[in-house]
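So, here come the structures, one by one.
The following pair of complexes shares a single chain, subunit A, combined with subunit B in the former and subunit C in the latter.
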Partner chain A sequence: MSRRVALEASHAVAEATRMADVDVISAYPITPQTHIPERLAEMVAYGDLDAAYIPVESEHSAMSACLGAAAVGARTFTATAGQGLELMHEVVYVASAMRYPVIMAVANRALSAPLSVWGDHSDAMAVRDTGWIQVFCQNSQEAFDLTIWAFRVGEDPQVLLPVMVHLDGFTLSHVTEPVLLPEQSEVDRFLPRYHYRFALNPDQPMTHGAFGPPEIYAETKLAQAVVFDNCKKTILQGWQEFRDIFGRHYNPVEEYRTENAETLLLTIGSFTETAKIVVDARREKGEAVGLISLRLWRPFPFEEFRRAVRGAKTLIVFERAISFGLGGPVVAEVRSALYDEETRPKVASIIGGLGGRDMSEEDFEYVIDRGREVAEKGSDRVLETVGIRGESEALKR
Partner chain B sequence: MAITEVKFGDRLLTSKEFLAEGHNFCIGCGEPMAIRMVLKTLGENVIMAMATGCDEVTTTPLPYTSWRIPWMHTLFENTAAEISGVEAGLKILMKKGRIPERRITCIAMAGDGGTSDIGLQALSGALERGHDFVYICLDNEAYMNTGIQRSSSTPYGASTTTAPAGKMSMGQITRKKNIVAIAAAHGIPYVATASPSYHFDLMRKVRKAADTKGPAYVHILTPCPTGWRCGGDITVQIGQLAVQTGVFPLYEIEHGRYRLNADPPRLKPIEEYLKLQGRYRHLTDDHVARIQEMVNEDYAGLKEKAACFPVEAKE
Partner chain C sequence: MTDKLTWKDMEVGNIVKEAGNACFRRTGDWRTERPILDKDKCIKCALCWLYCPDASIKPGEDGYYEADLYYCKGCAICARICPVEAISMTEEEER
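Up next is the complex of A and B:
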């Protein structure tokens, strides 16, 4: 029997980590991630969680300590945001290449300069290629569910990969919502005790992290690519098992009112829920508008994504990051995913919600209208944006 | 497996080698000497985290490894953080009954660059948090793995590829960073300097470091024939001279109490140490005199500290 409680998304992540019976937490505080490690430290201090909490001196060390703990077979968790994710950047790559299933929550935050503690997806986009399984949450329930699920998938002997659970800084991390909390026994049934076959242990001396000369480095990377490709099966199986036990089902790509939709809006993360309200309104007016949301970001859900947009005339990609000199990083991937399709929608890119700029319903109305225009006629602007002030002359290409 | 022990003087030492033959260290390198002594002292029940550097690249070119102990490497500057995770992980897994309770010594090993420069923050963090581990710095006084670039541990007057001696430069113009004092400033229970040229002293200190509850720091001077520009056959001699001239005194700091382990009645002149090494070839008499002054100052300072804590006669 689940209990329905009011939980802040950050606390939902902490609660999921507690119920996963994590062994080692190593974290450095950074806004807007702080409520996650604070709550975990509190749980350890109060005796509600039997884990080691390592209060490291930086994010670089946060992830490094996770590697050490994972190497001896501990179930390991950390959380960070924005600059913290950037500071640990090189260690993030190591976690996946060494197949340590570290679980990390990221309360997505903009990157300096100028300093901003508020949310966008610049930090997430900077770690696209790090070899981590990555998902985006839309609400507190998902933050709880996907954290539990992350342990199940990452630690699977067929996978052994780290998993990043993204939740938007403030607009999700600090939002309190009703969350269904399962019984511990249900969690235990879903998430078996972690046993790491290659744990460092004096009884079976092993070398972790030997270096790769040119004769062998490339082969290790190919092996990593194969593993990463194969993990999709376990990702889906994990969600299947999750539904069987908890009754909630997740897909790599969420489809919302997409039936016969001519215009599709694509979103990632917590603004999806605002966008849904606008989609509802458009549907009421009789417009064939639908929405898809990328929940699984890595591995990129090519199959599910292509299936979801099949038949649509226009796809409007709304995203919260800029790749300077390219445009939107998400739209670039979306376009490339569609390139080999025989029929494909016209794609428009609109960027907004940067550095904590809010996205209202009106803003999404604009995204849909302007998106259709741009898809049809093209754009003469450096970037198509929403909710950002700027001289129209300067924006012209 | 039974460990065969061999008698060296009055001490028992395993004949087992934990660093396998076939590694790629330069001929005459002081590092494998130090590593072998460390591991012979501690035996099998260890886990080691090692920083990127000479010792790591010479021992683990995939698919080979020279390590007969559980060993890990990830990056350059994070070794102390990594061992923090190892230590915390082992402790909690034992507490939860997931792995059998036993004494495992957690060792972090890094070079002088990985300790005094890029790894300083992680080291400071791990020492401050009080993890139960032994940090060993193998100091060869420059970035030798990448080709003899200066570090903050490079001594005054030495020529390196990024602080080369030339018409306008005498090489390194800064004093060697006193990382030993920095480690001690964390108030950790045990800090020591050691040299593979004084192997019994080194092994005694490593044993003591491992038996210490909480963080212990052992700083080992490992001569580098390649970077110091000297013969590979005089490594031990150079290590001895470093101690006998007072350039690298052997001492311990236990709970803040300094103790000199070898205090010769008269220090040998610094020239005897410098003249064997090509990295000091360019120095003028004035430079040498200045270095002698520095050594005298530092040594006197150390003796003053040690004098504050008189040692009761033992044995």
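Up next is the complex of A and C:
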């Protein structure tokens, strides 16, 4: 029997981590992630969670401590945001290559400069290629559910990969919403005890983290790519089992009112919920507008994505990051995913919500209207954005 | 040996399950200079054995300490540390 409680998304992540009976937490507080490690530290201090909380002096050390914990077979969790994710960057790659299933919540935050503690996806886009399984949450319930699910998938013996759970800084991390909390017995049924076959053990000495000379490095990378390719089936299986036990269903690409849609809006993360309101309004008016949201970001859900956009005339990608000299990082991947399709929608790219800029329903209305125009006629602007003052005067040379 | 392995042979996370297998790795082929011991000068103090970073210097049956050239990288720390200058470095010849 689930309990319905009001929880901030950050606290939902902490509660999920507690119910997952994590062994080791190592994190460094940084806005807007702070409430996650703060709550976990509290749980450990009050004896509500039997885990080791390792305070550290930086995010680089937080991830390093997590690797050490994972090496002895501990269930391991950390959380960070923005600059913190940048500071731990090199160790983020090590976790995936060494196949340590560290689970990390990222309360997405803009990157300096100028200094900003507010939300966008610059931090997430900078870790696209780190070899972590990555998902984006839309609401507090998802933040809870996907954290539990992350342990189940990452620790699967067929997978052994770290998982990043992204939640938008402030617009999600600090929002209190009703969350259905399951019984501990249900979580235990979903998430078996973690047994790591290669745990460091003085009785059976072995080496973790040896170097890889040129005659072997490339083979290790191909092996890693193959594992990453294979993890998709466990990801789907994990969501299937989740539905069987908890009754909520997740999929790599969420489709919302996409039936016979001519125009599709694509969002990731908490943009999705506002987009749904605007899509509903357009449908009320009789417009064939639908929405797709990428929940699974890595591995990129090619199959589900292509299926979701099939038949649409226009696809408008609305995202929260800039790749300077390229445009939107998400739209670049989306276009690439569509290239080999015989029929494909025209794609428009619009960027907004940078550094915590609020995106209202009106902004989403603009995105749909302007997106259609841009898809049809192209754009002469350096970037197509919403809500950036003077944008129409920033013309391409 | 490792250049015959394919990606399928890679251990999970590139773990090395066999402890102490560094002894199979011939690091001596990195060497550009080799240490030569003058037994007339050597006082068998074992400082070279103590300082060798690769543990490639070993005591022989006669009590003298000499470098195992399968491992010795020719770093010359032994020559530098020797209190009686019994070890000299000589260029490896092109082969």
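We adopt the following convention: the second predicted complex is superposed on the first by the 391 of 397 C-alpha atoms of A that agree within 3 Å, B and C clash if a C-alpha of one lies under 4 Å from a C-alpha of the other, contacts with A are read in each partner's own complex, and residues count from 1 in each chain.
The rule is simple: a residue touches a chain if its C-beta (ideal position, glycine included) is under 8 Å from a C-beta of that chain, and two chains touch if they have at least 3 such contacts.
Since this is a predicted model, take the numbers as computed values, not measurements.
Looking at the shared chain after the overlay, A:123 reaches neither subunit B nor subunit C.
In the superposition on chain A, no contact is made by A:145 with either subunit B or subunit C. When both complexes are overlaid on chain A, the residue A:216 reaches subunit B and subunit C alike. Using the contact criterion defined above for the overlaid structures, shared-chain residue A:98 touches subunit B and also reaches subunit C. In the superposition on chain A, A:207 makes contact with both subunit B and subunit C.
Contacts of A:198 after superposition: subunit C is touched, whereas subunit B is not reached. When the two structures are aligned on the shared chain, A:58 is found in touch with subunit B, with no touch to subunit C. The intersection of subunit A residues touching subunit B with those touching subunit C, taken from the two complexes, comprises 98, 205-210, 212-213, 216, 220.
On the side of subunit B, the complex with subunit A involves touching residues 44-47, 49, 56-57, 60-65, 67-75, 77-78, 80-93, 95-96, 98-99, 104, 121-122, 124-126, 128-129. Listing the residues of subunit C that touch subunit A in their complex gives 2-3, 5-10, 12-20. Subunit A meets subunit B in the complex at residues 23-24, 26, 50-52, 54-58, 60-62, 64-74, 76, 90-91, 94, 98, 193, 199-202, 204-213, 216-217, 220.
Put simply, subunit A touches subunit C in their complex at residues 97-100, 160, 197-198, 205-210, 212-213, 215-216, 219-220, 222-223, 226.
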